[in-house]
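For reference, the structure is listed below as structure tokens.
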């Protein structure tokens, strides 16, 4: 497993850049992750809103939110989500939010 | 930002001249000989098609070879069929033999039309997929070597016979409705990597993935993971699909199952599912001899018993599955009897049967 | 580590064209292809895949089109440590102009293993094996020459259609145009996965269904006709004269006994009984053809076994005219997607949702009245809902 | 202690002489005329059977009347058929007409054999059952009055046609495989008597009784009762069967559904289930005219469209259900489409259908 | 309260014999019967049953045979306040000797409403309507004259069989003897409900299945033969001479095309194709009959819709010889009951248990090998268990 | 609903003699109920064992025990159960044990 430094802390990171020690996630870590994923760093409010929504949803339900819900609840158009996170909600936003690598839906 | 959403090229640009000109005007066709079709248009134009086999997994060089042939004989156009076969279309009858010669020169067999066996729909196998319970390209090569005569028209059959392969139950290629389906199967319960579970998997998704509800939350609340009820697990591997922490592949347990009698076309009988006849044959690379011999046997029994123009499934449904098992000598085992959700409809609720 | 690959070598033999030869051709130019041969040999030895689970990579602005893949033994096979595939949306009907295709192959040879599938079983061109760094360049270069990625993930997958009117006299709808049209219309749904799971559309020009739409597309569009098939008695005579057994092989095999030989003529004696199965037409293409009032039957729900067993599509619209811009179809599809998206669980295909909540809910959502053509037979169980009263 | 477990009388004692003598030796039979059969034995003996209708719900007096006839003409023996019809068996041909006369004298119709409509299998209805969503004897009387000509042989049909009735979904009589099935149905969600729930019902049994899982524990732990999810309830009444505190009958909501095309015999086609054609007709005592007219229509359409010796279900399966709905003019509604457990197998997975 | 019963009176009219007339006959001697007419009229008015839920009454030593019933308005209908029914086990084949029957009727007239069903749809004689006090006396008196109660509750219900060898040339098994034998053998299981739910056994002498065994008995015993049906050409000639359309009505309607007319003779041309459907025999009873190697097919699982939808029985033993004392059958049944009893949930019929745990579990429990005759077709889904290894 | 006196307490009792106020059940009530149901009163130990078993099972699971289990666990032959309670486990023993009137299994 490759290693990487995020917000000054050493992390196990998989090939796709997903952190393997979610308990070590922090806002600073997110900002560091966002460097590769978000269209602007540091992340502006809408990006943060999305990341926080995804993370909260995950902490509550144990899964990443469905794309439809993610757009609806935040009043984001899906294209806008791709503008904020060009790799999309799964490969982009979920990664920044510190979730396990989606195999399912997002 | 990069260009996006331009979509595929417009097909109209891709059409050979004779096709563009006679688009939607075709009147009838004839089978000229194995691998060669003639389509006649209302305009009087004729289009000759030469079809050939392909291993599907190809180098760019092979595709360039095909381009060369197309450039030479087909105004720089060619196509592939829905079963991976390259097709060369020409309005000029005299091009047929040269095209055939050129195809054979690059090592491809001409054929795949009419009442025989066309190319095998198949999947990635050990070439590329994480889930494969068997290989794809290797098994296909082994099978098609045996079925070669039915492809090139040296031997014919009562009707088209399709063989397809999927390397796991996901059945990429949707081979669940094919005359002969070769399916990679696991036969062992997945193991669970409790330690990496939460890092790698969403627990609710993992639980929901199990068709039989075999996956439960781990009883120990301190262990954020799941458990599998071995008795309920039928090794489908769907949990592994969503959760890398539940590997299911097993060198000794993985193998191949054979399904028979499906069809897709609506000709005569409605489409049918393929049905399990052999639940398990161990993987035996590089030539999977047990698999190929079983398939050959079924093809031959079909060839000598079916009525003309009867697909495999139509033949079996006419004579009865009990007759199929008798004629092929395949042993009937408990796995052949359905016990999943629609099982009841498969049970024989009549005294009508053959001995 | 032994570099011999006896099992691979074995598969160079035999009459069927060998993919191993192709691997070896590619290996001449690509180290990844070279490693792939070894990977394959090792898999044959150990009877196991060498690939790691998953991988999630892509190109900017898209959520699909690339399948990420990493090897489980990077030390042993360093050149395939990352070995992703790209799905390239094929042109309708899989027709190619060689110059356009050569351009595409050149991009791939430059950036990848030089191995491909013509085609993947959904219908895309598959570029088999490259590293993460090459993905974006590949996409930039192929879009520059007029190609684009196909679908993957929870999106609309690359739609496909049979050769249809391009080279088939049976085509009742313009499969190529329809597929191209909807592919262009739904680029967003194709490239930015919005749904609970994957969804597919395939179109066949007639009930022979040469793209197996009924078995493997959530929306199966199958050409048919609403009037009577047309019989040309001169053509019939030709068949009879040639000694072809019209009675035995055609009339007797009609599933509904709709045909009859009357005084040397082949009659559609019971036109209302014909279920347009194509058999007689297939047998006598010079003498029989579909009617002139053409359109499509729309069926919904086919999919592979996961998780409730495989489904075939079932009739939703017995007959729909299919003329550009295909508005009626598009509206129907969007309504269906909307309902599915709103009600479907994660990884639940539309047929599984229909199965879970009942066909009546689906019909209500898409504003379609129930008709007996939707079922082989009515229900046998008495478990009936009257949520709209009696 | 009382005598127990002596079982029913030995049938051997109950057999008429001609039957006892020719037991197991019968060679063939003939239909002499409606209601009269002749069986010929290998011994050369002949047995004539006169069959007649019965309302099934009878007084002891009627049975004694039957005994009288049997005493007079049949050495003191008679039997009932599996469809409630009394049968008088005599070796003496000359007894046929006197038996017929005697039967008619006590008001019963001779008939029920051959290609017509026999007596209706039915259940208790409002005469005796707590669960009845419609009456039984009354509806049967109304229907059989209309079908009389088919019983006594004044009209005949392509083949035997069985009508059966059950007054609720429990389907006592197992009428789920009959040519025409008349079924009492509820259409309202049960009400719940929370107060008496625990006194009257076992909660786990009540919950488990629901085919769709609509019944849940009451969310308020202080209320030892259950709740019903109205959206999931399809009014089967099974909860009421196990739990008196969940009454479901409703004067306005109860009524009758019609199922068509089942059969039991293995002749030609395997047994088939009856299938829903009309989901609901309100109860309209005493003569249920909507029910009788619907049934008459189906019988007549069958009579004029089926091939000889084709049962209702065989005819419909041959011509297609879409044709059945067209010919009978019965509207096709959403309830006709299955959405229960085996629904998938009923969906039309083909482009083959009639307009 | 109005004593008029106009709707009841209406049902005295019409050609079919009237049960209302029967009620009125009984009402002459029984106040309960009198009230029952009023109850019925009130039900017609209010479109509702007047009966209360349940009731659990019985006779000493038995757990079944009586259905308890109370009226919901005892004030209005005091004479049917309690109105229980008794189920009397009929003699095999529903044959009666009048003197024995009259004795039975006398008991009933003395103790009850004088109303009965000949028969209930399981096959019992139903004594319709008496009070709790009369139950034991009735049982004491009927056992004294050689009758006994039938089944109810979670027991073996009263077994029934068709008329069979008593008056039918098609009978391949002795249905009457078999039913009597097992009824006597399993008196305990019939009278003292030991099971998770009801269970039924019915026997028909041939595949015509005149007791509908395949639709309504957990164990359906249906006569058949293992050799070839027998054709008497003289008989065939008679039919042909009489103008009967042997080709059209018999040969063409054989479901497996096993028959052929050859030179005026009817041949079982493909004996291995005959599925013993009875059609040709039914059509030509003077010329065709079953073979001589007779026995039964044993099918399992028929039942009414509750709770997973109705079931038809399915083949478990394709062929079993059926000779007294029917040991093979009894052993099979006991093994099956034991497995069901051990594994079944409350109110779960045996077919529901099979459905829940899988046919393979049932077959293992009863020591029967799987054969293709058990299924129409093998499974289509790939969800297969290998709990005994591969 | 008819009334009756059991162990000196007034009870609602249904037509079949089942008590409608289970909370008022006691051993004395059982003995009184047993007068009509058990073959011997006061109930001997085996009768009591059965009644207690049924009642305990009911209190634990909310349902009457299946007949098979009832016999197995107490090592009683079913015929013997009918000797002790001639109307059988449902109409006899369950009534004495104060259970709701069985509609299901026993």
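Every chain is named by a letter (A, B, C, D, E and F) in the order it is written, and numbering of its residues begins at 1.
In the analysis below, a contact is a pair of C-beta atoms (placed from the backbone, for glycine too) under 8 Å apart; a residue touches a chain by one contact, two chains touch by 3 or more.
Just so we're clear, the structure is a prediction, and the values are computed from it rather than from any experiment.
Looking at subunit B and subunit C, the chains that touch each of them are A, D, E. Simply put, of A-B and B-E, more C-beta pairs touch at B-E. Centroid analysis (C-alpha atoms only) places F farthest from subunit B.
Centroid distances from subunit E, each centroid being the mean of CA atoms, peak for A.
The two sequence copies subunit B and subunit D touch through a face in which the numbers common to both exceed half of the numbers used overall. Measuring from the averaged C-alpha position of subunit A to that of subunit C gives a distance of 33 Å. Rounded to whole angstrom units, the spacing between the C-alpha centres of subunit D and subunit E is 12. Computed centre separation for the pair subunit A/subunit D is 64 angstrom, with centres defined by C-alpha atoms. As a whole-number value, the distance joining the C-alpha centres of subunit D and subunit F reads 38 Å. Annotation for subunit F: residues 63, 86, 101-104 touch two or more other chains. For subunit B, the set of residues that touch two or more other chains comprises 169, 171, 176, 205, 211, 236, 241-242, 244, 266, 271, 273, 340-342, 344-345, 349-352. Within subunit E, the positions touching two or more other chains are listed as 54, 60-62, 188, 207, 209, 214, 222, 255, 276-277, 305, 309-310, 312, 346-347, 380-383.
Working note: touching chain pairs come out as A-B, A-C, B-C, B-D, B-E, C-D, C-E, D-E, D-F, E-F.
Those residues of subunit C that touch subunit E in the complex are listed here as 305, 309-310, 380-383.
Taken in their complex, subunit D has these residues touching subunit B: 266, 270-271, 341-342, 344-345, 349-352.
Within the complex formed with subunit C, the subunit A residues making contact are 15-16, 18, 63, 66-68, 71, 78-79, 82, 86-91, 101-106.
Contact residues on subunit C toward subunit D in their complex (touch as defined above): 207, 209, 214, 222, 224, 226, 255-256, 272-277, 297, 299, 301, 311-315, 318-319, 355, 357-360, 363, 370-387, 390. Contact residues on subunit B toward subunit E in their complex (touch as defined above): 169, 171, 176, 183, 185, 187, 211-212, 231, 234-236, 253, 255, 257, 259, 261, 273-277, 279-280, 282, 317, 319-322, 324-325, 332-355.
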